[in-house]
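Two complexes come next, and they have one chain in common, chain A, joined by chain B in the first and chain C in the second.
Then we have the complex of A and B:
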């Protein structure tokens, strides 16, 4: 049972990590609590579905178009709805929920409540240590790790990354040293949206898509980001795998309670937060970001 | 001048105004099939279901077809008058919100003034919906929810309050379990015959919802009736089929990933996966079961798998899945009725009718009862008439040329709990297998009595063919 647990836990953790990486960026680095993050992921998945099934476009071209369209729509909505009130975190929070519900209802109108399945990037399975794993899960795991690495490099090794971090730490000071804060915030949002869209197009084929999918995914993302610690990509990565293994262990050791896998994750999150309120790798001071 | 706030307020008020108008604007009565001016007097039937989901869509489709057939033939006969059936589509959103569902029923009864109610899918929501309907003494024909207790804990417990409640479709959970044991027996016999495995292993994969609890319990828990016998500590399923239940997994009905469950099941060496699904988890199962090439035959209940679109949703990975259903193309439960109706349904909606489309028969039942009673106002008399449904084989129906109670899924006959009975000549339940992109009827096919004591034989229905094991299961165990 141990190899099965290890392999399946890693696969589940990979999915969680990919979902959480964009949210972690925008939540932790730019201090925008975007609760519609997974709704944009879902939007990308639906766009992919529509482009492939309704318009018959090439799958990979559709993936690219879905991501671009999601970033475009999301950035536009950000500039219209969130940017003017970005200083008011609570307002941003509420508006982002409204955006999520808006996207949900648009999907209901366009696609109905019928469950949809996306074509796979890689159909079938591979055996890892004698355990069958969907190729799609392995792909997600790899992309999640690569995304985190790329993001870390961007934030720590590039001028743009430094500007993003500076803006996150002190907007007024960043403005004083010549950083266009508004532009940086928009760019960070676009980056997070691209990651949300990437996760939607990669995870979409692994799940059953419905207009309510974003809410299920949002719970996972929140658990991962909060458990890992706000502002810590490393923390999000570790939390994703911790929760992935927790959920897999529930299925393996308490099969009659496999519906409780989500609850088990949230329980782990609660326990950790009681013992360490800032999360596993949370920051106590702004200077500690990343 | 700060113009943003006033502008925002104006926009919000304008949007609210437009939204309110769109929601509240009076719409003409929906009387499908009726020609000519619509009279004031109508039989107003509310169809209650999760209309954004396929379950609600099938309820609506079945009701629309029935109303159209009756209306186009002149409408419901009340004395010497002819009255059209008006349908009211009520989106209960019950899959997502029980409180939405209860409010929707209250609104339909008090604002839309529906005379009768049909539908109700998710048990957890249906309880509240029914209470509201019973408060208003409205007849409610359940077309969707299978939980035994919806009938056993209502009608016989407080007849005066709950006598207005009947279940038309599906058969109750206990009967669903009975049919499932027959399907399981088919698979078990194939495994014994083709693979030489005397005691096949069965894994139970049942969503965690009220209606599935009883089925999961009967399949997994030691059966009390076996106390003191050699079968002590065995479940009803194990004792009746000679199988070993290796475990039960109860995922959420909306689970989007079952790979861990399927890996754990494969780890047990299970030859059969007994599925009990009504929610979207059924689609997840069909796809991942096939994509992971799990070497175990899948058999049981999977409501999503009853739809034509299931093949596409699972990308064809559902091939060889065996499921219980109510309608299968080409399978004649009632000769000259079931097959033509299923064909008509498929032509109109490009889908197989799922059991929720049994609203078709529910509308006919109501029309028949109203005609026989001579009006829609005397609710108690209509209840008494509904209770007699199917008990008079010599009496022909008013609106279709079939004997009393005969519907598309068999003869409807209610027990003392107002629950639809199951058995030969009554409502049966079919078994169907996914093959080459379509459903093929495989049960009843040379069905004999059993496997549980007292279960009758159903023989062979026209249009059914033998079941086939998934080739990967055969090749895996042949090695």
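Then we have the complex of A and C:
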């Protein structure tokens, strides 16, 4: 029972982490709360479905293609719809919700409102510490950890990463030292979209996919991000595993738990927020005053 | 005779001197006579819901637009009051003139209950924390199906009024009263304090304003109006379901208000009156309904990020630089103080 919980919780946490880190990244750099973030993950999962089942492409090639396509579409939509109005905070929010609904409805048009299931990365079980674990879960955890490591290297070891972090810390200052802030924002958006698309293709096979999946995922991502502290990548990571374990534990131990998994993580989020208003690792800035 | 003359002068000098007032006046007249030429009961039902959602959206604007406490969980107030009205009506047999105020009061209490832990949160944290409340409540509704009806909700509430036309007038007068009240509050001294909290909370505290008290006041006022809309909604539909707590209802308030123009009660109300009937009359092409809705919202906000109605108002009216009264744009001099305009 306990080892099963540990492995399943880790896999759930890994996917949450991928989604939340992307969301947190774009918030930290461009100050955009992109509520359509998970919708792009869902878009990638649907693209994967279409490429594999309708066009019969190779599975790994289609994963790559669907991620690329999602990044392309998402970045274009960002430049077209969000970038020009980014000064108006609430307008950005509403447009991003509208973008999510747009993607949802296009999916309804193209694939219908029925539930779909994607072909799995790796079928079958594996014995880990005497527990039978889905291979898919292990693979998800592995890829999630690898891509998080890659992201960490990118952010700390490359010039681009340093520019991204500089923009996140202080936009005006970054601009003064010659960083093209608009361009960095677009690049970060592309990076965040790639993470969203990757997590979409990863969890696509583990869940049943419907055009409304993005809303359920969005609630979880928001809980993770707020719990960890907005804009803090380390916080999102820790919060993702915390909530991953909470959800798994609720499903395991509470009767009718699968109804309450979202409720449990949101309650954890609220309790933490009441005790620490800026989340676990968020830094509370003094308000900017002009 | 003198009364009619005074009425005519009042209309000419105070109402028709400004395009925005004239539009509001004509819209009210139109809504009053709407049942005369509404073709079928379905259209009337859409308009009743539009009236109720106008109250709901304006209450969101009062909390989030004016006070800056952006809430993504406004459906909490709507749903809580709808459910409490339904439970009081069905379990205790209270008539609807008692359950509606009771539902609104429960929403006020909920507003205080939610407001206290949220006092320390700001900006996006507050928005995302409030998003959680209705979702948690939905989970509770599902967990106790015997009391709350679970997935299917509660139905069989007593009727609001005997006929749909009466329903329409009730909702219309309620809407006019509530919106007028909110507009008055927003322009009163309290409204100015709420503005100052949004602009700079620390500075308003330095001015000796008890910001916590005013934030709680905003939460409970907003909860009251949203709750009123919710309980009337429950009695009008004669059924309550988890849909009243749905995240989409919360986001609708944000979409309507930002579409019409935030921090202006009229923007929220106008946004509902434009978008809600529009969405309903898209039923001609049901598959493309939400799609075209999303596209319209994106396109309008792209060109008018401050909201449709505020954008239009800024085009047709100018503010007098001396006395700050509004004038029709194109006038040479201010209609009140005579100061030269434009240039």
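Observations
Definition applied: the second predicted complex is superposed on the first by the 280 of 290 C-alpha atoms of A that agree within 3 Å, B and C clash if a C-alpha of one lies under 4 Å from a C-alpha of the other, contacts with A are read in each partner's own complex, and residues count from 1 in each chain.
Operating definition for what follows: a contact is a pair of C-beta atoms (placed from the backbone, for glycine too) under 8 Å apart; a residue touches a chain by one contact, two chains touch by 3 or more.
In this text the structure is predicted, and so the values were computed from the model without any measurement.
Once the two complexes are laid over each other on the shared chain, residue contacts for A:277 go to chain C alone; chain B is not touched. In the superposed model, A:98 makes contact with chain C only, not with chain B. Using the contact criterion defined above for the overlaid structures, shared-chain residue A:108 touches chain B and also reaches chain C. Contact with neither chain B nor chain C is seen for A:24 once the two complexes are overlaid on the shared chain.
In the superposed pair of complexes, A:266 makes contact with chain C only, with no contact to chain B. Shared-chain residue A:210: touches chain B; no touch with chain C. Once the two complexes are laid over each other on the shared chain, residue contacts for A:38 go to neither chain B nor chain C.
84, 108, 256, 259, 262 are the residues of chain A that lie in the contact sets of both chain B and chain C, per the superposition on chain A.
The touching residues of chain B, when paired with chain A in their complex, are 4, 50, 52-54, 56-57, 96, 207-208, 247-252, 254-257, 259-261, 263-264, 266-267, 280-281, 283-284, 287-288, 291-293, 304, 309, 312-315. Residue ranges of chain A in contact with chain B, taken from their complex: 1, 4, 7-8, 11-12, 15, 84, 108, 112-117, 119-120, 123-125, 131-134, 137, 206-208, 210-213, 216, 247-248, 251-252, 255-259, 261-262. Contacts from chain A toward chain C in the complex involve residues 27, 33, 81, 84-85, 87-88, 90-91, 93-95, 97-99, 101-102, 104-106, 108-109, 215, 219, 222-223, 225-226, 230, 256, 259-260, 262-263, 266-267, 269-270, 273-274, 277-279, 282, 287, 289.
Chain C makes touch with chain A in their complex at residues 70, 117, 120-122, 124-125, 127-129, 131-133, 135-136, 139-140, 142-143, 200-202, 247, 251, 254-255, 258-259, 262, 287-288, 290-291, 293-295, 297-298, 301-302, 305-306.
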